[in-house]
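To keep things clear, I will list the structure first and then write my remarks on it.
Per-chain numbering from 1; labels A, B, C and D assigned in written order.
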Amino acid sequence: MKEFKVDLTKRMDEQDVVGHNRWHPDIPAVFSVEPGGSFRLECIEWTDGQIKNNDDPSDVAMVNLERVHVLSGPVHVNGCEPGDLLVVDILDIGPLEPWGHNGIFAKENGGGFLVDHFPEAAKSIWDFHGIYTTSRHVPGVEFAGVMHPGLMGVAPSQELLDEWNHREKELFDTDPERVPPLAPLPTAEHVVLGSLKGEDFDRVAREGARTVPPRENGGNCDIKDLSKGSRTYFPVFVDGAKLSVGDLHFSQGDGEITFCGAIEMSGFIELRVDVIKGGMAKYNIKKNPVYEPGPVSPDYNEFLVFQGVSVKENGQQTYLDANVAFKNACLNAIEYLKTLGYTGEQAYMLLSSAPVQANLASVVDIPNSCATIGIPKAIFKKDILPK
Amino acid sequence: MKEFKVDLTKRMDEQDVVGHNRWHPDIPAVFSVEPGGSFRLECIEWTDGQIKNNDDPSDVAMVNLERVHVLSGPVHVNGCEPGDLLVVDILDIGPLEPWGHNGIFAKENGGGFLVDHFPEAAKSIWDFHGIYTTSRHVPGVEFAGVMHPGLMGVAPSQELLDEWNHREKELFDTDPERVPPLAPLPTAEHVVLGSLKGEDFDRVAREGARTVPPRENGGNCDIKDLSKGSRTYFPVFVDGAKLSVGDLHFSQGDGEITFCGAIEMSGFIELRVDVIKGGMAKYNIKKNPVYEPGPVSPDYNEFLVFQGVSVKENGQQTYLDANVAFKNACLNAIEYLKTLGYTGEQAYMLLSSAPVQANLASVVDIPNSCATIGIPKAIFKKDILPK
Amino acid sequence: MKEFKVDLTKRMDEQDVVGHNRWHPDIPAVFSVEPGGSFRLECIEWTDGQIKNNDDPSDVAMVNLERVHVLSGPVHVNGCEPGDLLVVDILDIGPLEPWGHNGIFAKENGGGFLVDHFPEAAKSIWDFHGIYTTSRHVPGVEFAGVMHPGLMGVAPSQELLDEWNHREKELFDTDPERVPPLAPLPTAEHVVLGSLKGEDFDRVAREGARTVPPRENGGNCDIKDLSKGSRTYFPVFVDGAKLSVGDLHFSQGDGEITFCGAIEMSGFIELRVDVIKGGMAKYNIKKNPVYEPGPVSPDYNEFLVFQGVSVKENGQQTYLDANVAFKNACLNAIEYLKTLGYTGEQAYMLLSSAPVQANLASVVDIPNSCATIGIPKAIFKKDILPK
Amino acid sequence: MKEFKVDLTKRMDEQDVVGHNRWHPDIPAVFSVEPGGSFRLECIEWTDGQIKNNDDPSDVAMVNLERVHVLSGPVHVNGCEPGDLLVVDILDIGPLEPWGHNGIFAKENGGGFLVDHFPEAAKSIWDFHGIYTTSRHVPGVEFAGVMHPGLMGVAPSQELLDEWNHREKELFDTDPERVPPLAPLPTAEHVVLGSLKGEDFDRVAREGARTVPPRENGGNCDIKDLSKGSRTYFPVFVDGAKLSVGDLHFSQGDGEITFCGAIEMSGFIELRVDVIKGGMAKYNIKKNPVYEPGPVSPDYNEFLVFQGVSVKENGQQTYLDANVAFKNACLNAIEYLKTLGYTGEQAYMLLSSAPVQANLASVVDIPNSCATIGIPKAIFKKDILPK
């Protein structure tokens, strides 16, 4: 079985075979596979090893986001052409080290979903015990991880890449001085581009799309249920599809609300690929992958569910703003968790790390959307229900 | 067991005991119950019988929304005071007639979530076969309903009501000529207020908040998993809590995207209530109910999941707009369903009617949010997977 | 929709349309339906109303078992012939009264599975609260019922009936004086045979097989998961299939170990039938129905599981006797439940009433079989785990 | 983390640290752990490597059963004494090689559950693809394994051991010439006893109980749901409890009906232990472990279920013999699978390998027990339902 290996004592650009941290059609494949074939990718955690297993959040505070996400690949699938669907089965996934991290980004680094409440950096380290995890920084919980790749995507065509760069620059330019910026634009700093060299490297470094946002090619979708046994159908934009993976998570809550984000880990993933010729037109899958969850997700099915509606905290009524509704659901959950003895920061990191579910309940009941966040009761070592 | 009964051949204001269709603390209770007690409410479907079991969508097109939602109650819970939590168990729920309806609202009526794609009114009738439903208007599917009340809420205090009216008027006034309006404001037309009469009626009719938006009191949350066996904890704002219920659904997809909405039905609901004294402060549940789903939801656990990111259809990049992301997920799902032979309208109504799941996958990966919509494979009579 | 109605104040032989309590091909159908059609049957609880809602178990002690099971039907399915498969969907099921009963049969009445430990009659009454049930006789538990027909079957051919009577008589004759008897043989006492009269009645009464044992036609299988939404494929032995139903259960534990047995109720069931022509040969379903469980079973998925092996309580080693293994698993569970404060009788009735799962873990590890019984933790109002 | 390692190119008695294949209190521990501690055991597949990855079943036919099961351990838990409960969490489990085997034992070797129908040896090799497995010998299926230890147990006290040997000898002596024997008695041949030597070895070899049957100490229970994340409470009979594990399975059907048995593999298991002092008396757990299944079992929840009643194939009526009922359920399932194109042997091995569920539906409906076997529909690559 073909394999992309990493040495966790080195950074991605120092590996024997180098991965990448930008999206571009011209990044060379690390190897090729036949349809029906399987392969294994080892992945460094998304920041390329910047976050350490200690109690000091200064590494989170000072993280270099131009370095993210370090990806393993791309893998060329023989016979796969634009217009096809690439079928990707996640056969297995696991950690390379017995710990991972979650953190709250400081406001200067983009912050998280609740940046106005939690502007300072924080960090929690999660120790892995087989399928379970616990944290010395968030006591009283133990849960099984739904391990998954936060980021899995195929290469964009040059045309699609140009479209990304155009639309994101346009947004950025509406408020170019904003901290944090409205969008992470291409930057030649801290670029890793596989085996590219010379002029090609310089050109691709200038053009390569940042990996933070999910886009038509999949990418950083951070879908917590895309776990072992799942099958994804990717639209294909370039010859060979050029599949890359990174940002492995031991566990994540829907929304990945702290931004840094899930329980981030270095790990391995084993994939099997196949091709549906002409599938994009046949199934109208023109952009954004489609997927089927796998059969081995942790079976947490008893939840305590909080809801929020789209009225801002200052009392201002929005028109169906789902972000505001979900923000309120998160804040309501955090207020509740405080009554169990957690600090706001602990509760915030827990919501981002544990297998919580975020649902859009209603998006049409003008002027209020209603969003919910459900916390599995079984992750707590004590009963958390109101009495 | 105390009971609120309805005669389905009459409108709500013609019933022996009259319900209501506005939120106000002064609407008199229809009966009172002790903590620990159970009772049964019969409910007319949300439009007060305006939608008929036929193939003509003109009733949906011309629906009078000032009439909605006709609610059963309020029920006074003895000994329940502001600051308490009202615990409500849904013991049972079922239809009073063997059919329900789903519809797409015309743009003039507010439209639905995808109003720009589907500006015309449409209707689908769903026949009930025990736990299952089918529709002559959406062939090829049969599924078990997760029956639930779209709307369940307690009365607001006068102070909370004033806040609602203030903030919604403020939004409305930002574009008062807009069609549809940004918010449904109080209107004395088509008001139903229980046994209120005279000056009290006139005052409450002027002030009573419309029932469309979900708010701090619960209300029209349209949470599809709030089904049989669920337990809800409501914050209490007035003496006796004054619980009301309506808008029963045989089934609904997350988001209720067509607005009219779920599979709407006339039905009954059996509830049991209890009180946690001082629970609002003890558990920091100051606004918005918290709930636990019940143990008998249909166990559809194999999904085909579509995703969307927050780039508008015209190519414009938004900053983390979850509404746009979810809209794209819905449109991607509809495009796929078209390849199975459905019209866009059929697919749209199916997503609003069947037990589909809408999740917020990531809300921090600037500038793109990622939202997903998962369709249970088992509702289709044939295999729907790409091959 | 065609319907078989019962008046619960009358016994089965006093109903306007009379059901039956024996298996025989010549019992006339109560009505006929077309393939694809639906119908509704009301059913008296299995003893024909002998057990009352009170605290006195003497009715259980003195129950007349020649009267059981009173069945509703048979229903003739048009066009259905021997060799076909009859497809039966359970569309709905529910109680006609808000209570049911469980009991331990006295040894003289056959006793239950643990008759040597519990030779005396006992009774528990279970009150229904929508989907939930509680019992004044077994405090501290509340659970959702997986409502199902304990007995659903098609008529045997005369040849099959003769085979039944022959083989059961042969067993009986190995110890004809045994109390309880080894098999319930045909008896003309307390027979109910629909509209049959005169000589036909007398003949069928003499020949009609008792309804207690499950057999090739389905019958009293007492399968707790055969609930709402399930689909059963019956082999067909006579023209019209002649489907009958009775012995409705609000809930039952695997094994139905007390014999009387589940939470027995009078109720209704709504069915839809279809026919697969020649299906018996096509699918090798020559005897015993095959079924698919439905999608709305209570989702209790956290269990505490007890096991037993096939060594008798007196220390005697058996050779792979699964009955002994399961008996030990039940006794182990009862011993544990006693430490929670239950009496042995309460624990025994709880295991027979609640949705417990009985599995055969291994049946080959000579000389010990291993069987398990799993109790859902969520049915208890307090935490039951060892600490 | 302490670890018991194996070299798969060597037999158990050739390992650096040697395990054992008999139960006896005097087998020395391989290491000790503190309560709360975790450790890792590598395990050779149960036959000590006798079965090879090829297409020739002669190794199954000629397997030496005096060699089984080779176990890893025992592990001494500090401070654990007779009368305590030993709490064992399975943190992780996985294969050491990418394949496993299932086989039908020949009649001379004990045969399997259906030995009269399948008296010849057969073998199927199962390749592992991450969480999934397929077999070149049983085409058309792919399923996720519920990996588990078939055998996990604590050491018996000398008194308990004597009781085992006594009762099993008594059974054996009822038919000492029988092939296969009624029980596997102690034999000094092919014994592996850790670091024991000299006279101690000889004595323990003579007395040591065979590992095939499950008993009061747990042992070879072959419970398929005892998987990742499960917690088991063992009664403790000797100081330190002396926990041993072996017989790892990639997947197994309830009943493990072919005897050889599951998908047998060499693998690792990671465990965490704790102690409940005096727990045996406190919770009446005097014999046989109690367990809670874990949260990550494959979520196969759509089954096709076959049933059987306790009438022998020759038409003879038994009295509630659950073995006969389950045998008929298995045979009914096999007959059905034949219509899908499988041979009887393939179907038999599939039922023993895939996550099928065997339930005791009713055990009291004299004279027929009813047992069921449910096959998950999703393991087949095509739709298997009757049409």
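We take it that contacts are C-beta pairs under 8 Å (C-beta built on N, C-alpha and C of every residue); 3 or more make two chains touch, one makes a residue touch a chain.
Bear in mind that the values here come from a model prediction, so they are computed numbers and not experimental data.
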Pair joined by the larger number of C-beta contacts - A-C, A-B: A-B
Chain whose mean Cα position lies farthest from chain A: C
Between chain B and chain A, distance of the C-alpha-averaged centres to the nearest whole Å: 32
Euclidean distance of C-alpha centroids - chain A vs chain D, Å: 40
Whole-Å gap separating chain A and chain C, where each centre is the average of the chain's CA atoms: 51
Per-residue multi-chain contacts in chain B, two or more chains: 299, 302, 378
Residue numbers on chain A that touch chain C, as the complex places them: 299, 301-302, 378, 383
Chain B residues touching chain C - in the complex, by the definition given at the top: 38, 90-92, 129-132, 144, 228-229, 270, 272, 294-300, 378
Sites on chain C touched by chain D in the complex: 85, 87, 110, 112-113, 163, 167-168, 170-171, 180-184, 212-216, 220-225, 233, 254-259, 261, 276, 279, 282-293, 302-309, 311, 315-323, 326, 328-329, 332, 335-336, 338-339, 357-372, 374, 377, 385-387
